[in-house]
Structure formats: C-alpha cells, structure tokens
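As structure tokens, here come the structures.
Two complexes, one shared chain (subunit A), two partners (subunit B, subunit C).
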Partner chain A sequence: MITHISFWALAVVAVLAGAAVFYVNSMARASYALAVSFIAVGVQVLLLQQNYVGVVTILMMVMEMAVMAVYMVMFMGMNPALMPMSMVHGKRHALAAAVGSFVLLAAGAVLIPWPARRDAPPADLTKALGEELMGPKMLVMAVVGAVMAATIVAGVVLAAHRTRYDRFGDDLRHRPAKDPQPGGVGR
Partner chain B sequence: MPDTVTTVPAGWALAAAAILGLLATFAAVLDGVFTARAAGAGPSGLTRPFGELARLMRQRRRTTVAADTLLWRIGSSGLLFMALMIVTVVPLGEWTLFDLDVGVIWFNAMDVLAWAFVWLTGWGANSVHSLVGGYRFLAHGLAYELPLMFALVAPAVAASSLNVGTVASAQADLWFVVWMPVAFLVYCTGVVAIAVWGPFTPALGSDIAGGVTAELSGADRLVFQGGRYALLAAGAAFAVPMFLGGGAGPVLPGWAWVLVKTVALLAVFVWLRRRLPAFRPDLFMEVGWLVLLPAVLVQDLLVAVVAAWRA
Partner chain C sequence: MTLQTVLLVAAALFSVGLYGALSQQVVVMVMMGLELMLNGLILAAAGFWWFLAPDPSGQVLLLVIIVAMTVEMAMGFAVATHLHRVRRADMTDMAADLSG
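Moving on to the complex of A and B:
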C-alpha cells in the first residue's frame, strides 16, 4: 500500500518537476528541476525492485545536470545563463509536438494488450532484465562502446584548432608543450 | 565476525544520525585543537567549534540582491543530507539500517550529489566570488570523480558483490587496504574532495573571499560547515567496510571496531588539512586524468585478475 502511494506520489513529482523545466526562468532552476524529475523516476525504479537501475539513474542524472551547469555558463553567448530568461521558444509548434507525442505514447501505454505474468518473478530482476535486453547483443554493445569512445576522441582531435605541431614545435621535440593552460604533471 | 548483517528498525536512524553528529563534532573539535596549536594558542581550541556554533546561531542572516534563495538553501543543507544518506548503508558491526544489494553504487550516487549541492551553494547567492568557488569545485570534480568511481570498483570486484555487508565479510582473511592500497588512497582523496576539505579547499579559498561560503551566514553557514565535517565522518565510516575489514578485530565487538577505525581514519583526514598544499583546480585536472585514473585502472585490473584466478 505504502509502495503504491509512494509510486504515484513520485510520478506526480516527476511530471510536475518536468513541467517546471519550461516554467522557471533560470538555467540553474531548469537544470535542477530536470534532475529532480529524474531522481523521482530513479526512486520509482527502486520501488520496482530494480535497485541497480534505479540508483544508477539517480547517479547519472545528477552528474549530467552538474556537467550541464558547467557548459551553460561556459558556452552560452553573452552569458544569458546568468540572467533570468525564458526556457521556451517556438512555443506553438513545440506545444503541438509535445501534446501530440504525449497523447501518442500515453495511448500506446494504455491501449497495448500487456501480457499477463506467467511464472513467479526471477530472483534477480536486474540480471533478468539485463539478459533480456542485452543477452545475445553483448558483443555488439561492447564493440559499439569502444567505437563511440574512439569517435569522441577523434571528433575532439579534429575540432581542436591547436595541433601537436603547435604544442611540440615543428620537429615535435619541444618539451614541455606550449599550452595556453599548463597542466599539473608538467608535460 | 558474523557473515550476515541484520537490518534494524527505521527508528534506529536517529541513533545513526546521533553517532554521525558525534563523529562530526569530534572532527570539528580536533580541527579546532590543531588550529589553536598552529596559532600557538594552547588548549583553547577544544571549545572553538562550540564558540563558532553559538556565534553562527545568533548571527543575523545576510541577504544578497536577486539571490536564488530556494537553490541556495538546498545547496547549503545538501552536504549534511548526503552524509546522512551515506551512513544508512554502512553496517555498524552486524547492524545496518538499509541492507541494499547495491550499497556501493548508493554511496557513489550520494557522493555525486556534492557536484549539485556545492555548485548550487555557489550559484544561489548571486555573487561573483561564490560562483567562482562553485566552478572551482566542479573543476576539481571533473578530476576526482572518475578515479573515485573506479576506486569503488576494486573492493566490489574482489568481493563479487555490491552489498556493503558482503564486501566487509569478504575481508576475513586479508583487509582490502593491504592488497589494493591505490584504490584506498584514491577513495580517500575522493572523500576529502566531496567534503571540500584540505587540498580541495580552493573552492572556499580566501583569495576569492571564501568562495562558495562567501555570502553564507548564520544557520546556513553552520549547516554547510557542519555538513563538511559530517561528510568527512561518513566517508571515513564507509571506508571501514570497504577497505578496513568492517568490524573485524580482536577482543572488542564488531560495532566498537567499526567506530574505532572510523575515528582513526577521520582523525587522519582532519590532520591532513594542515599537511597538504591546496590543489589548484586547473593543475589538478591533469593529475586526476593522467596519474590517478590510470593508477586506479591498473589497480582494478590487478584485482579483477586475482578475483578471476581465485574463482
């Protein structure tokens, strides 16, 4: 009973905090409203006895919002992030798209003929879920992970305007490197 | 030492909070004594935290123009909340409040909250120096967080469990601190960092008028500073089941050993404050990524090889 009440209360918190993202007038409040929404979802997942998934959701989302706080002040032009500002633009289209996708997803969730449970739930729900999702595709996922990491590194290397010749000189022998920002281990 | 932990009724959370409060007070008193000794003021340091408490309780709250009060208050009270949440999964001998099967990840999720709370404290005041302090903390965070996460991996891999009680009982033969010292040191670095303590104090630096704490006053300042001591205590307490064998030890019962080890590690943390120079956030970034992270990854690899070989 308490579990049911908490679950629905958390659902309300998650939706309201999600809506607050567009209602508030500061980047910090929007970021952390989103974090609160995700934390509520994480606790809901905990109530579903997916402990690992629930706790990791909280972990990742809080960290993500903190990193967003770094970027919003670093990269937003003229620093509007520090001033009160509207969190919405293109209101009419966005509203239509949001309502449309919500109706579509909610209708799907309500109308789909959900299968009835056949057996008792497995002892380790998280493991069962992981195997169901990933089972035969684990190798693919492992390879994709490495490829994605390599892509990020390659993207940063290609996008950076300073090359190793700027850092180490034309013969690549200049030590320590000429960096605008010196590092702590004196490379 | 018992292999199983008993979950105690939720009412004992008050006792856990009281123990955490005592440990935090101990840390504050110890720091007061060290401060007094460094200043050559004799034993007067014993009462220093209590004087500070009385001063802050009476102090009128400072307000700033266009402060984001909600986020500011959440941030300044958050560190204490984190510490309380961390101790829920720390077994005191054979008793625990919350026998979570993923307790190690729970600690990790709670320590990440420091990113939010310290930055929010810096943000909320709408003051330049506070905000600079908040970003200094995030810069430290980018350097310490990943090594800390991988440091938590090592004991979990060795015990083949994310349950804190199981990790503690897996050290019956040999404490993890003995054969995974790098992970232990990196873990301690992380704990000191989330408490914005010792070498990680540039976020509160006097060069930026107190940084994150620049505009904090009265009860808010008290809760923030108390939260830092509580986090040091909670981090020390969590290290006991993770690296220091939990309640294992001769003569005394398990719960007593947990407290003794926690107090000892906490005292070292407090003492370190005066022994280590501040880590500049910009320079520490490279230390984190080029020294700590590879070192702890090698540690994880060694632990994983040993665990696989044993199994």
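Moving on to the complex of A and C:
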C-alpha cells in the first residue's frame, strides 16, 4: 500500500516538475525542476527494485544539473535565477504534437493486453547485474566504455578554445605555431 | 502500481519533454526537453523489466539508455559551447544554416 501511494506521489511530482521546466521563467529554476523530476523518477525506479540503476540516475542527474548551472553562469552573462525569459516558437504545434503523442502512447499502454511476468527476479539484483555485465554482456560494457571515451575526446575538441589546427594550420605543417604569446627557445 | 500506470506516467513525461524539445528556442532548454523524454524512457524500460521479464539482461538495456542520455548531454554542452564561441549564439534559430 505504501509503495502504491509513494509511486503515485512521485509520479505527480515527476510530471509536474517536468512541466514546470517549461513554465518557470528562469533557466536556474528550470534546471532545479528537471533535477526534481529526475530524482522522482529515480526513486520510482528504486521502487521497481532496480537499486543500482535508480541510484545511478539520481547521482548522475544531480551532477548534471550542477554542470548546467555552471554553464549558465559562464555563457548566459546574467544572473540566471533572476532573469525572466520566455523564448518559444511554434508553441501551438508543439502542444498539439505533445498531446497527440500522449494520447497515442497512453492508448497503447492501456489497450494492449500485456503478457504476464515470465520469470521471478533474482534474489540480489545488483549482484546479478554485475555478473551479467562482467559475463555474457561484456560486449555492451566494452562498447559503452569506448563510446564514453570518444565522447570525452569529441567534447574537449569541440569545446576547446584553440586546438592544434589553430596552432599548426589545417595540414598541421605550419611552423612555428601561431600562438598568441610567442615563446620557447630561440624565438 | 501496475505496468499500465507506470507506462502512463512515462508517456506523460515523454510528451512534456517532446513539447519542450519542439517549442524551446534556447539550445540548453531544447536539451532539457530531450532529457525529459529520456527520463520517460528510463521509467518505461524499468516498468517493462519489472512487470514482464525481470532477468538481469533487461537492466543492461537501462544502463545503455542512461549512457545515451549522458552522451547526449556531454555533446550537447560541447556543441553549445562551440556555437557560443564562434557566433555568440545560444538559440536554435541563430544556427539554422542547414535548415530547409
């Protein structure tokens, strides 16, 4: 009973906080609302007995919203908590698409005769997940690791102010390097 | 708490995110919309896993969704940083060179 009440309370919080992201008039409040929505969904995932995934979701989203706050302070050039903003386009079409997708998905969720549960869950789900990742699903772990490493490299290359192409030209043959402050032996 | 109710909540989160991703002009707000859609996906996948087939391989799919969300956020911030540096632009309408 407590699980059901908790689930519905968290569902209301998750959806209302999600809607608040696009209703409040500052990006800082929007970030906090998104974090609240993610934490509510993370706790719902915990209610569905997936402790590892639920905790990872909560921790990751709290950190992500912290990064987003830093980003706003860096680039928006304003106090994001106080600056009102409303920058939308095609609001009516977006609303129609959102309502249409909800009706379609909700109809599918309610009308489809879902099958009964196939197996019982393992006793220790986190241990079972670890054994799965380190055993038969090792390929997934290996690919995810490579993708994350590629993301770090691509993110740094995109976000870096100057790269080797700025210093050495498109063919990397320009010498000496074009640096704003010359330096080094003999220069 | 049934599979239907979990999926209904997930559908609501997905739809709210879709509205944000389509209607917002600021790049960061568009990313928030995409995140909210993935939030719904996480909940739906968790519901499917628990109510239909709770074997460990289903949790691996959830981890893949979370990784996709992380990669989207990291690359989105990097592209937004690049866009801001090159053009002083932080809105999607200011970077519509390839549209149409």
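Convention: the second predicted complex is superposed on the first by the 116 of 187 C-alpha atoms of A that agree within 3 Å, B and C clash if a C-alpha of one lies under 4 Å from a C-alpha of the other, contacts with A are read in each partner's own complex, and residues count from 1 in each chain.
Throughout what follows, a contact is a pair of C-beta atoms (placed from the backbone, for glycine too) under 8 Å apart; a residue touches a chain by one contact, two chains touch by 3 or more.
Please read all numbers here as calculations on a predicted model, not as lab measurements.
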Touched partner set for A:128, first subunit B, second subunit C, both or neither: second
Subunit B versus subunit C as contact partner of A:28, first or second or both or neither: first
Which superposed partner A:14 touches (first subunit B, second subunit C, both, neither): second
Partner chain in contact with A:56 - subunit B first, subunit C second, else both or neither: both
Subunit B versus subunit C as contact partner of A:170, first or second or both or neither: neither
First (subunit B), second (subunit C), both or neither touched by A:88: second
Residue contacts with subunit A in the superposition, subunit B compared against subunit C: C
Subunit B/subunit C common contact set on subunit A: 52, 56
In the complex, subunit A residues that touch subunit C: 3-4, 7-8, 11, 14-15, 18-19, 21-22, 27, 30-31, 34, 37-38, 41, 44-45, 47-50, 52-53, 56-57, 60, 64, 67-68, 71-72, 75-76, 85, 87-91, 93-95, 97-99, 101-102, 105-106, 108-110, 114-115, 117-122, 125, 128-129, 131-133, 136-137, 140, 144, 147-148, 151-152, 154-156, 158-159, 161
Partner subunit B, residues of subunit A touching it in the complex: 26, 28-29, 32, 35, 51-52, 55-56, 58-59, 62-63, 65-66, 69-70, 73, 181-185, 187
Contact footprint of subunit A on subunit B as seen in their complex: 68, 70-71, 100-102, 105-106, 108-109, 112-113, 115-116, 119-120, 123, 135, 138, 141-142, 145, 162, 279-280, 282-287, 290-291
Contact set on subunit C toward subunit A in their complex: 1, 3-20, 22-26, 28-29, 32-33, 35-36, 39, 42-43, 46-47, 49-57, 59-60, 62-64, 66-67, 70-71, 73-75, 77-82, 84-85, 90-91, 93
